[in-house]
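Structures are listed in the sections that come next.
In the two assemblies presented below, subunit A is common to both, partnered first by subunit B and then by subunit C.
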Partner chain A sequence: MKFADFRRKLAQYWYRFSQNKASIAGLIITVTIVLVTILAPYVTPYPEHAGVFVDFRNTFKPPSSANWFGTDQVGRDIFTRSIFGYRFSLIMAGTVLGIAVPLGVVLGLVSGYFGGWIESLIMRLTDIVLALPPLAMAIAVSAVLGSDLGNTMIALAMIWWTWYARLVHGMVVSLRNEEYVEAAQIMGASKLHIMFREILPNCAPAILVKTTLDAAFVIELSAGLSFLGLGVRPPEPALGTMVAEGARYLPANWWMTVFPALAILVLIFGLNWLADGLRDVLDVDL
Partner chain B sequence: MNSSEVLVVDKLVKYFPVKGGFWRRAHGQVRAVDGVSFTVQPCQVFGLVGESGSGKSTIGRLLVGLYRPTSGTITYRGKMQMVFQNPGSSLNPRRTVGKTLELPLRLHHKGLTRKELRQRVAELLTQVELNPEYANKLPRSLSGGQKQRVAIARALASDPKFIVLDEPTSALDVSVQAKIIKLILELKDQLQLSYLLISHDLSLMRNVADVTAVMYLGKIVEIAPTAELFANPAHPYTQVLLASIPVVSVEEEALKPTKRLVEGEIPSPLQIPQGCSFHTRCPEAMEICTRVAPELLTINPDHQVACHLHGKRGES
Partner chain C sequence: MQYILFLLRRAAHSILVLLGLSIIIFIISRVMPGDPARMALGPYATQEQVAALRQEMGLDLPLWTQYVRYMSNLVQGQFGKSLISERDVRLDLAHHLPATLELIMMTMFWVVVIGIPLGALSAVKKDTAFDNLTRGFSFTAVVIPGFLVGIGFQLLFGYWLDWFPITGRLSPGTVVTQKITGLYLIDALILRDWHLFFDALKHILLPSLALSMAGIGQVIRITRSSMLEIETQDHVQVVRSYGVPNLLVTFKYILKPAFIPTLNILGLLSASLLGNAFLVESVFSWPGVAKYGVNAMLQKDINGLVGVVLLIGLGFLLANLIVDMIIGLLDPRIRLKGEAE
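The block that comes next holds the complex of A and B.
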């Protein structure tokens, strides 16, 4: 594609995306949070507060210009800890979806394209896994394997692939009889080529939109898990853990709960709005 | 296989199992193609006409290997390609025209460099009278006729000797149809191709096909050189079909056979009538037709028909 064509196409996409103000807000929020989180040690006012740190002169300080979100029971800056808390959220979403999406997509492609007993096997397996409530499953796995971060992520990924397998399977079943797929078969293209080059690109927009939505969902869920004390343990900050700890000091020290909770909400809304924008641009019907 | 023929189809049969119910067990079978034989000569356009559901596309798909025959054999020389009916779905919406054309080039001419590939793509586009710049376009931005040209270029990319054209123009505007047909015929002469042309459009057949076979419920009921078939249709079904072609002039109207179909729908290929499968709609059905399926008989050199009206003549 020539550069001018490419720019025109990009401009078209941007126009459709920007028709919806919320999707621009979603894009800005998501990109900002990701950047700030990556640069957390450099952009936060008190990076040393992220870990074990005690400053008894500054406990329970309400929000001020020195501590935008106030301080906690051992004097740590809640703003700094919230930013570091995003790390946990993003690592969680990235790892869970980084395992679940490729796994689900490949299994969905294989089952949809090959059909027969392979399809029956994979789809029955997704039925079984989907019949289990995700939070209960995550708690159960954490209870068995121990509630460390890695195990929690594995537990979530082991559930999450099923939605992608179903989504992709459904699309492949309708795409595999398209005449362009048959044309590729006639020409002698390999099954791998047909699955990954002919069919998968047509599923990609839907996968992208769902992944964005699910990033919000995983973050919400992992906040829930850390609120319940599963997943991370203090002193590493997780927004859910901070909310849970802060709740012990309500209502007097409300900032300890409210700001971490808002931080989670902002990211979740941002991702949802971004997904809406992508849905419009990519013409996806999920 | 005789030395001159490019394609020999012998007693080809394709049944599709019909599945249903809780256990998805086979309930019965669709007899889509039921014992079809024919041969195609080099540079010949072999036409296949018949109503929708008569098994034309299934024969095309069997030829290119998309389906496996239930029984019977297909023998051919060189490579076989196919152009589909619907230009909308025969090109991948996410791949550029160039990418679409590169695939067969890569598969059939291994070891081409990027530059050679690009050059071959440009040649192919020129061959189907498209601007080589189209290599960068996505199918979305092409018209139906342009898409069909790309589909033809894709079929040509692997240097086939034989192309199945499954209703190549029926999804296009009338004005575009003529141009595509002209292109297809020019390419045939240039590249020494043979075609299986599938269509339900009899006027197209009359103008394009060298030999025409008429299908009804999975069987060829009549087959003859096109001029002969149109001049002397022998099967009542062929006569009925010809009667349905719109005519231009009064003189032509007078020349037309005037048979009418007996009331009734085309039977389901799931339950093909006993005896001659056409007897339920045939204006000349006799008692024997309900019991005995007629064989294809030669009534003139190169003209064969499967009908008891002619069978009796053959016996006496």
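The block that comes next holds the complex of A and C.
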């Protein structure tokens, strides 16, 4: 495709995407949160509160202009800690999907294109992994691997690739007999070329939408794990841990629970709106 | 006959999956860093005590022998002794299972009685204000994590409005005079103990509703979309043109076939339900399997962990088998497909 064509196509996509207010809201929320999280030490009012910090004169302060979200049981600013808490969620989502998506896509391509025993092996493996609720599996794995976040994320990725293998496998099976694939075969294209240059681009929209949706899902999962006290090492802030800690001081100090919970919700909603917008524009049926 | 073959094939598939699952769990439980025997005994145990427990648990044997022992125990339904409660894991699980079963059954009840009617109404009243509202609700219900819904409910209905209790299965002072099924609601009905029934109902309401939100959202979505799809098909148009009353068309020719995708979703839903139950049970201090599982996991109780994970896997597979069974009965296309292959 020529560059000018590509730009025109992109402009069309953007036009359709921008017609939907929810999609735009999703995009803005997601981009803002990612930027703010990266710049957390510079944009939060009390960056030192993210670590070990105690200020007993300011414990349990309700929301005010000095502490937008109030303070917690040792006087730390909850707004600051919520922003830093996004780090845990986003690192988790980025790493898990960063490993799982490429792995699942390649295995799905290979199993769908070659078929035979490779297909049986990979698909039976996904059957087994998918027989377990992801949350239960994640809890089991991160309980076993302890507070080591790195191991937990690798383990989650080892579960997560199966969804992408399934998705891509299904699409490859339906695409591999298309005329343009046959044409490429007749022209002597290599198997690698057919898999990655002919078939993969047609799977890309579905993969993109699923990755966006899954980012929200992994973030929900990471909030659930940290809610149970798994995979996170205090005093490092994680939104789920903050919700759990705050819940002990309900209902009097409601802000300790409500604001971190809202922080989780905003990000999850943003990603889901973004995914919905992408789904409409790219015409993906997931 | 074909139906039985279809079921047998599904069952065989489930057993294979369960076998694979047990292997994965074995691998996970044996790569656990830290010594499970040391964990169970605590920091003050002597080296000899730890070594003795290791030997008792078979942790010093080669991995292959350990696997053979593990599998032969599993086949006999033995999970071993919980390292924390020091009881047979089976007893522990049996003790905690009724609470979880009750919660999940109640949740499924809400999903069906709230989700299907809302989805059907939404399809009938397509593009009205009601439809838009329901779709907005279903999106929200799917997206919000269950444990946050739970905390929100506690805050709103428990602390602020003070309508419902927020923890446990019963109020202090309420006793179950006779345990029959262990599901308090059903026991109370059998015993005709209305005080018990309403107390149990009051306690289960918030956790089961919190747990059901995601399912309700999904069922609304799938019921609505499959009804709208079926409505455009030829046979429905024909029935309509014959002058069959609208209500009959909606119920018999549109809603009934729309149950099939909904049932499929209910089967898949049981997975996320069991997973979310972990969090919701811990929010509401619900004394179920998930709570037991979290404790086993936090305290590195391998035997308890293996038991819980296998039980969840089994529950998921059973749920799907039941769904397949019902779908096979409802839909001859699926039942007979095996013949064509």
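Here is the rule we use: the second predicted complex is superposed on the first by the 277 of 286 C-alpha atoms of A that agree within 3 Å, B and C clash if a C-alpha of one lies under 4 Å from a C-alpha of the other, contacts with A are read in each partner's own complex, and residues count from 1 in each chain.
As a convention for this text, a contact is a pair of C-beta atoms (placed from the backbone, for glycine too) under 8 Å apart; a residue touches a chain by one contact, two chains touch by 3 or more.
Quick caveat: nothing in here was measured; it's all calculated off a predicted structure.
Of the two partner chains placed around the shared chain by superposition, neither subunit B nor subunit C is touched by A:59. Contact with subunit C, but none with subunit B, is seen for A:216 once the two complexes are overlaid on the shared chain. In the superposition on chain A, A:18 makes contact with neither subunit B nor subunit C. Look at A:178: by the touch rule set out above, it reaches subunit B but stays clear of subunit C.
Residue contacts after overlaying the shared chain place A:254 against subunit C, while subunit B stays out of touching range.
When the shared chain is aligned, subunit C comes close enough to touch A:243, but subunit B does not.
Contacts of A:73 after superposition on the shared chain: neither subunit B nor subunit C is touched. Between subunit B and subunit C, it is C that contacts the larger number of residues in subunit A.
Put simply, subunit A uses no single residue to touch subunit B in one complex and subunit C in the other. Of all the residues in subunit C, the ones that touch subunit A in their complex are 13, 16-18, 20-21, 24-25, 28-29, 31-34, 139, 143-145, 147-148, 151-152, 154-155, 159-160, 271-276, 278-279, 282-283, 293-294, 297-298, 300, 305, 309, 312-313, 316-317. Remark: subunit A residues 124-125, 127-137, 139-141, 143-146, 148, 216, 220, 223-224, 227-230, 243, 247, 250-251, 254, 257-258, 261, 264-265, 268-269, 272 touch subunit C in the complex. By the touch rule above, subunit A contacts subunit B in their complex via residues 1-2, 5, 178-180, 182-189, 193, 197-198, 201-202, 204. If you check the complex, the residues on subunit B that touch subunit A are 61, 64-66, 80-82, 84, 86, 89-96, 100, 103-104, 107-108, 136, 151, 154, 158.
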